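Presented sequentially are two complexes of chain A, the first with chain B as partner and the second with chain C.
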Partner chain A sequence: MTAMTAAPARPRAPRAASAAPLTAARLLRIELRRNAMPWVLPLIAALFWFDSYRPSTGQPPFYLLRTFWNMGQGHTIIDFGPFVAGVAAWMGSRDGRRRTRDLVTVVPRARYTAQLATWAATAIWAVGAYLVCVGVMFAVYAHQGVAGEPPWWWVAVGATAVAAFSAAGFAVGVFFSSRFAAPLAAFAGFFAMAESSQTGFRDSGGWALILPTNSNGNFQPDSGIFYRYLPDLPIARLMFLGGIAVAALGLLGLPAWAGGPRLRRAAAVITVAGVAATGTAVGLASTARLSPHGIVIPALHDAASDQPIRYAPVCGRAAGVPVCLNPAYRPYLADVTAALAPALREVSGLPGAPVRVSQVGALYDYSNGVGSEAMTITGHPPLLSLPLGATLGTLPGPTGDPGPDGRHHHRASATGAFDQTLGLLFAHAFVGAGNRAGTPAQQAVQASLMQGMGIPLAAQPSVLNFGPPSWAPAGKSASGPVYVAARRLTALGPAARQAWLATHLTALRSGQLTLGQLP
Partner chain B sequence: MTTAGVHRSAPVAGRRPARPALAVLRLPWLYLVSRRVPAALGLIAALGVLLWASLHWHWNVAGGPAAQEFISLAIETGAAAVVAVTTYGPFGEPERAAGRWLPYLRLGAALALTAAAFGALAAAAAAGATGGTAGAAGAAGAAAGGLAGGTLAMLRNLAGIVGTGLLTAAAAGGAFGWVGPMAYLLVTEVALAGTTTTPWVWPAHPAHDRGAAICASLVYAAGVAVITVRGARNSGRDPAPE
Partner chain C sequence: MNVEISDLTRRFGRTQAVAGVSLETGPGVFGLLGPNGAGKTSLLRMMATVLPPTSGRLRLLGRDPGSFGPRREIRRRLGYLPQSLGYYPGFTVAEFVEYFALLKEMPPGQVPRAVAATLEQVGLGDKARAKLRTLSGGMLRRAGIAQAIVNHPELLLLDEPTAGLDPEQRVAFRALLRDLGQRATVVVSTHLVEDVGAACTEVALMERGKIVFHGTPAELIARGEGTAAAGDAPLERGYSAVLSAARSATPAPAPAPASAPTVAKAPPA
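Right after this comes the complex of A and B.
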C-alpha cells in the first residue's frame, strides 16, 4: 500500500474528442444485440394483426373509420404497451437479478449512462417495431384504396406511448429487480389501459381527454377528408406521454449508485421537467373544447389547422340534377345518385327544389352524436348540402371486409338503410324542418313525400330512428293525426299534391301551417 | 486460510439427521425459495386485494361483455402470469442433472400455486360481493357482486390461463412465462368484443359450458404435464431470451 501511494501517478492519456460518442454508440450496439425485445416482437406483431388490423377491415374504406378503432381508441398502444413494459422491466432488472450492480458501479462510465443505453436499445426496438407495424398496416390500407388522410399525429402519439411504456417498465425493473418485475410491469400496463378506457368512455371532456385510449372528439365524421385531424389533442398527449417517459428515466439517476453528484442533479432536473410536462399536458387537456372539427386546446391551437382540405369533386346525375361528392366518396357516387333520384323526382318542378347537390363535411354534434346530421337546402338557385359523412353507419358498397371466400362484399342490408336514410334526410330538409322534428304539418308532408319516394308509411317509424335523436322519438307504428294527414295528402295523387305543395310550400317551411290546413 | 480455527470434525456420512421431518421438508422448501414462491404468494394475495377492491367499488369498463369482464379477467391473468414466472429456475443444467425429485417438485409447485391463486381470488370475490351493494354472499354472490360467471367460471378461466403460462414457460423460458397469459388476455378481449363461438376462448362462455371447461382443462393439463416432465426452457440449454 505504501508503495502504491508513493508511486507517481501515471499521466492520463488525452482522449480523442470523438471517443465518448463512439463508446456510447458501441455500448448501444451491444445493448441492441443483447436485448430481449426482439424475442417478443413476433408475438406483438401477431397480436397487432389480430387486435388492431383485423377488426378495422370491417369498416368502410376511409382512414378515419379504419383507424378509429386502432388509433383513436388506442388499440395499437394496448397491443404494444404492456408487452414492451414487461420486456423493458426485464432488461431494467438485469443488473439486480444477476447481482452485478456493484460490479457495474465501479466501471468508469456512470451506471446511469449504461442504464440509459440499455433503455435506449429497448425503446429503439419497440418504437421501431411499432412504426413498422403501423407502416405496413397503412400500406395495406393504401393498397386497398382506403381514402382520406392517415392520422399521422396519432401515429406519433402511439410511438411516444410505446416509448413511455418502455421507460416506465424499465424503471420498474431497475427499482424492483426480480423475476416478477416483468409480469408486474406488463400487468400494470394492462390495468392502466383498462382504467384509461374506463375513464375515457365515461368522461368526454376535461383532463380525461389526455388518456391515450380516450376516443372522445379526436376523430370527427370527415376528418382527413374535408378537414384535417386537429393536432391540439395529439400534441397534449405527446407532452403527457413524453413527460412520463422523461420522468421515469430521470428517476433512474436519482439513487446514489447512479453516478456522481452532478449527474444526479441533472437527473433530478430531468425528473422535474418530465413531471412538469405531464402536469402541463393534463392542465392543457382540461381547457379543451369540442369544435366541429375536433378537440381544440386554445393554447395549442393553430388557425392554419382549420383550413379545409382542397379537392376536385367527382360528379354524377340523379334525376337530371348534378350530384358532386368529395373524391374520397367516389365508390359511393352511384349509390348516392340512385338513392337521391326518387327524392329529386318527387319534388321536381316545385319551388325550392334543389338544382344541384353538393357534399359538405359532416360535423359532430354533441346532442345528436355521430352519424346523424340534417341536410340543408339554401341559396338561389337552391343547393342541397349533403353531409354524407353523417350517414357513415349506413353506407353501402365495399366495406373492405373480406368474407369467408376472401372477397369483398356489398352490404345489401345496409344499402336499403342508406336509401331510406337519404330519403328521410332529403324530405326533412325539403319541408324546412331544420334540425328539429318539425311541426306536425311538416312531419305529415315529410311522410307523404317519403311514401312518394317508395318508403311506405308503415315502414317510416323505423326509418325515423336513423334521424338525429333531436328530431323527437319515432313512434312504433304509423298511426296518429300526423299519419292520418299524410294518408289524406297522399290520396290526392301526385299532380294534386304537387299543386298544393307549390301553393303552400312557403307557409309550410315557415311553420305556419297546421295539420287541419292540410288537404 | 488455515484450519486453525476448526475444532470439530466434519459430519460423518451416513449419520441420521436429528430431525427427519424437517429434513424431508428441506428439499421442497429450498425448491420453493429458489423459485421465489413466497414472493409469488405475496403478489397473488395483492392481486386478491385488487380483485376485492374492483368488486367492492364496482370498477367497470363501459361497453359490452368484453369491457365488463376486462378487470376481473386481467387480475386472473396477472395471477396466472405470476404462477408461470415461478417456473424459472436459476440453476439450469446442474439442477436438472442432480435433482431426481425435480419433476415432483415442479408438479407440486404448479398445482399448489394454482390452488393458492384460486383460493385467494375466490375469497376476494366472495368478500367483494358481500361487501358491495349487491349484498350477495359466498360463491354465488361472487357472480351477483360483479364477477362474471361466479367462482366456477373463475376457476375455469384461471386454470386455463395458468396452462397458457406454463406452456409459454416451457417454450420460451420461465422468465417469459407471463407473455402467454397476457397475449391470451388480449386475444380474449378481441374475441369477446365479436361473436366468437370457439370454446378455446373459454372466458367468453357461460360457467357451465362443457366445451369451454374441457378446453381450459386440456390447456391446464398440458401446461402442467409439460412443465412437470420438461420444466421451463433453460437459456443455458436452448436459445431463449436472457
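Right after this comes the complex of A and C.
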C-alpha cells in the first residue's frame, strides 16, 4: 500500500453568523427564478376569471354577495388549490426525478434547509398570485362601485389555504418523488376540495365549519355593511390551515436524510405543533354558534367585533313617510321608496301606521333561508324596521356587471318581484303576523291590504312563495275561507276598510279576531 | 492521511459490492481503475458519505463520517461528482454551480467570484448564462465538475469524470486534475486507463469488490511487461495482466452484477 505525503489542512475562513440569512436569500432567489409555479399561473388566472370573478358579477354590488360567491363558497381556493398542490409536488419531487439526491446529500447544509427554500419559493409564487388575483378583483369591484367592506379575513384564509396546499403538495413530492407525484397531489387536492364543499352543503354547524369551502359559516347578508365580518371562524380556519402547512413542512425534517439530530428534533416539535394547531382549530369550530352578526366561537370572540359600523343614512320619502337606508344601499333607495309607497298609502292615517321606515341589518337563518326575517313595526310613534338584506335575492337595480357595451346592466326584470315582496313583508308586519303565517283573520287582512297595494288576490299565492313556507296558506290558488273573507273586506271600499281597521287593528295584531268577525 | 480505509465492506442484500478494501492516501491524484461492476462507484459513494459502510473503518480528512458533526465537517471540505450526474434543466450553469456552492456553506460573499473562476477553470465561462438543458453531454460533465470543485475541496471524488468529454477537453481536464492534486486528495474512478496514466500519481485496481493492485502507474505498466495480456498501450496491458491474474487466483463465486446498485439504502444525513 502506497501512501502519499499528507499536506496540512488549509485554514478555512470562519463562517459568520450573518451568512445564514444571506445564503438563504440567495438560495431563495435562485429557486424563485427557476420555479415551475409561474408556468401554471396563466392557467390558474384564467380559471379564476371564469370561475371566481365572472359569475360573481351577476350578484348585486355588495362585497358580501360578490365575494360570497367566489370566496365564501371557496371557489378561489378551488381554483388555486389543486394546481398549487400539483406544482408543489413537482418541485418537491425534483431531486428524485432529476437524480440529484447524491449531490444534495453530500453537502454540509441540511437537505431540509434546501427543501424549505424550494418550498418557500413555490409558496411565494402561489400565495403572491392569489393575492394579486384577489387584489385585481377587488380593484375591479371598487371601480364598479361595489359597496360595503371587503372581507379581508376571507382573503387571509384563502392565502393560508394556498400556502397549506403548497406545503402538503410539496411533502407529497418529497416522500413520493416520481413524475406521478404532481398529478397525484393535484387530484388529491381537487378531491379534498370537492369533499369539503359537499360537507359544507350538508353540515351547517359543528366541526365541519372549519372547512374553508363550507359556505354555511360565511354568509350574513349585511356583513361589512351594518356590522363587521366576525373574525372568529376565519381565525379558527387560519389555525387549521396554518397547522396543516406547518405539520407538512415539519414532516420533511423527520427522515434521517433531512439533517442532524437537533434539526430533526426541531422538525418533530414543529410537526406536533402543526397537528396540535389543526386539532385545536377543529375543536374550536365545533363550539361555534350563529349570532345575529355571524358565526361566534366563544373562546375566540371579542365583543368589540359586535360593534355596529357607524354610518350616516341616506333618506327618501314614500307616501310622505321618510325611508332611510344604509348608504351602501343608496342605488336601491328609489326602488325601495317606489315599492313601499303603495303599502304606506294603503295604511296612511291608521293609528298603527309607521311614520318612519329605517333599514336594519338582516340575519340569515340557515333553517329557513334568506328572506325569512320579517319586517317589524314597533314603538310610539310606530317605526318600520326594514331588513332589506333579507330581500337580496329580489333586489332590483344595478348588478355592476358591465355588458358588451361597457355599461352596467340593470336588473329591471326583478323590479316587479321586489315590489311584491316588499308589499307582502309590509302587510305581514302590519297585521302583526310576526315570523309565522298568522291567524286566518290576519291572513285575510294581509291579502286585502296586498290587493289594495296593487297585488291581485290571484297572484298572491305565488308572491307568498318569497316568504318562508310557514307563511303560505294552504293551497296554491286564491280560494278558501281566507280569500273569501279577503274579498269581502276588499269589497267594503278603502274608506270603510280603513275605518274597520282603525277599530280592530289592536285585536287583529294580538291574534284575537276570527274570520267570522271580519266584515 | 486524507483517506484512511480499513477492511471496508458494503453489501446490497446478497450482493457484496465492496469486500474488505483497505486504502490510505494523501494529497495527489489517485486513480481507481476496474471493470464495470468492480465496486468502484460503491467505494466512492462511501467515501463521499452518501452510503454508510456495512462494516470496516473509514476516516476522511482525519474524521469519522459515522458521526453527524464530523460528517458535516467532512462534507464542507468535500467535492463529489457522481457517475450519473443529476441536474436541474431549468437552471443556468452559473446558478447550478452557485446553488451547490451555497449548499456547501461557502461564505455567500465569496460565491459569485468563486463560481465565475470555477466556470473559467472548466472552460464554461462563456456558457455561464446558458440553461443546463441546452448543454451537450460533455459540457454537462464539466458543469458537474465545476459544482464539485467550486468550494476548493480538500477531498475531491470524481466518478467517471471524463465520460462524454472530447479528446481536447479530456487533455485539458487532466491538466486540471494535476493542478487540483497539488493541494487536495483527488480520487478519480474510471475505466479509461489513459486518464490514469496522464494524471494520476497513484492507482488502485478493483475487481469483485477487492483491490487487486495498488501502486504507481509505472508499477502497473511493469505488471504487463513480458506478458501476453491484451491491450494497445503499456498501461492497458498492465491492467489486463493484473485482472487476469486476479481472476485466475480467485474464480468468481457467483455471477457479478452488471453494475453496482446505486441506491439501496437511505444515505446518512
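The criterion applied here is as follows: the second predicted complex is superposed on the first by the 496 of 519 C-alpha atoms of A that agree within 3 Å, B and C clash if a C-alpha of one lies under 4 Å from a C-alpha of the other, contacts with A are read in each partner's own complex, and residues count from 1 in each chain.
Everything below uses one rule, namely that a residue touches a chain if its C-beta (ideal position, glycine included) is under 8 Å from a C-beta of that chain, and two chains touch if they have at least 3 such contacts.
The structure displayed is predicted, hence computed values, not measured ones.
Undergrad: Answer with first, second, both or neither: which of chain B and chain C does A:34 touch in the superposed model?
TA: In the superposition, A:34 contacts both chain B and chain C.
Undergrad: Using the touch definition from the top, say if A:259 reaches chain B (first), chain C (second), both or neither.
TA: In the superposition, A:259 touches chain C alone.
Undergrad: In the overlaid three-chain picture, which partner chain does A:55 touch, first (chain B) or second (chain C), both, or neither?
TA: After superposing on A, A:55 lies in contact with chain B but is clear of chain C.
Undergrad: Is A:23 in contact with chain B, with chain C, with both, or with neither (first, second, both, neither)?
TA: In the superposition, A:23 touches chain C alone.
Undergrad: On the A-aligned overlay, A:102 touches which partner chain: chain B = first, chain C = second, or both, or neither?
TA: So A:102 only meets chain C here.
Undergrad: In the superposed model, which partner reaches more residues of chain A, chain B or chain C?
TA: The partner making contact with more of chain A's residues is C.
Undergrad: Which partner does A:110 reach: the first (chain B), the second (chain C), both, or neither?
TA: second
Undergrad: After overlaying the two complexes on chain A, where does the chain B footprint on chain A coincide with the chain C footprint?
TA: Shared contact residues on chain A (touching chain B in one complex, chain C in the other): 34, 36.
Undergrad: Under the definition above, what is the set of chain A residues touching chain C in their complex?
TA: Result: residues 1-7, 9-10, 12-13, 15-16, 19, 22-23, 26-27, 30, 33-34, 36, 94-95, 98-111, 114, 255-261, 264 of chain A touch chain C.
Undergrad: Can you check the complex and tell me which residues of chain A touch chain B?
TA: 34, 36, 39-40, 43, 47, 50-51, 54-55, 78-79, 82-83, 86, 90, 178-180, 182-184, 186-187, 190-191, 194-195, 197-198, 201-202
Undergrad: Give the list of chain C residues in touch with chain A in this complex.
TA: 1-2, 22-28, 30, 45, 48-50, 61-62, 68-69, 72-73, 75-78, 80, 82, 84-91, 95, 98-100, 102-105, 107-111, 147, 152, 154, 183, 201-202, 214-216, 263, 266-269
Undergrad: Can you list the residues on chain B that touch chain A in the complex?
TA: Residues 36, 39-40, 43, 59-63, 67, 70-71, 74, 77-78, 81-82, 84-85, 88, 172, 174-176, 178-179, 182-183, 185-187, 189-190, 193-194, 240-242 of chain B touch chain A in their complex.
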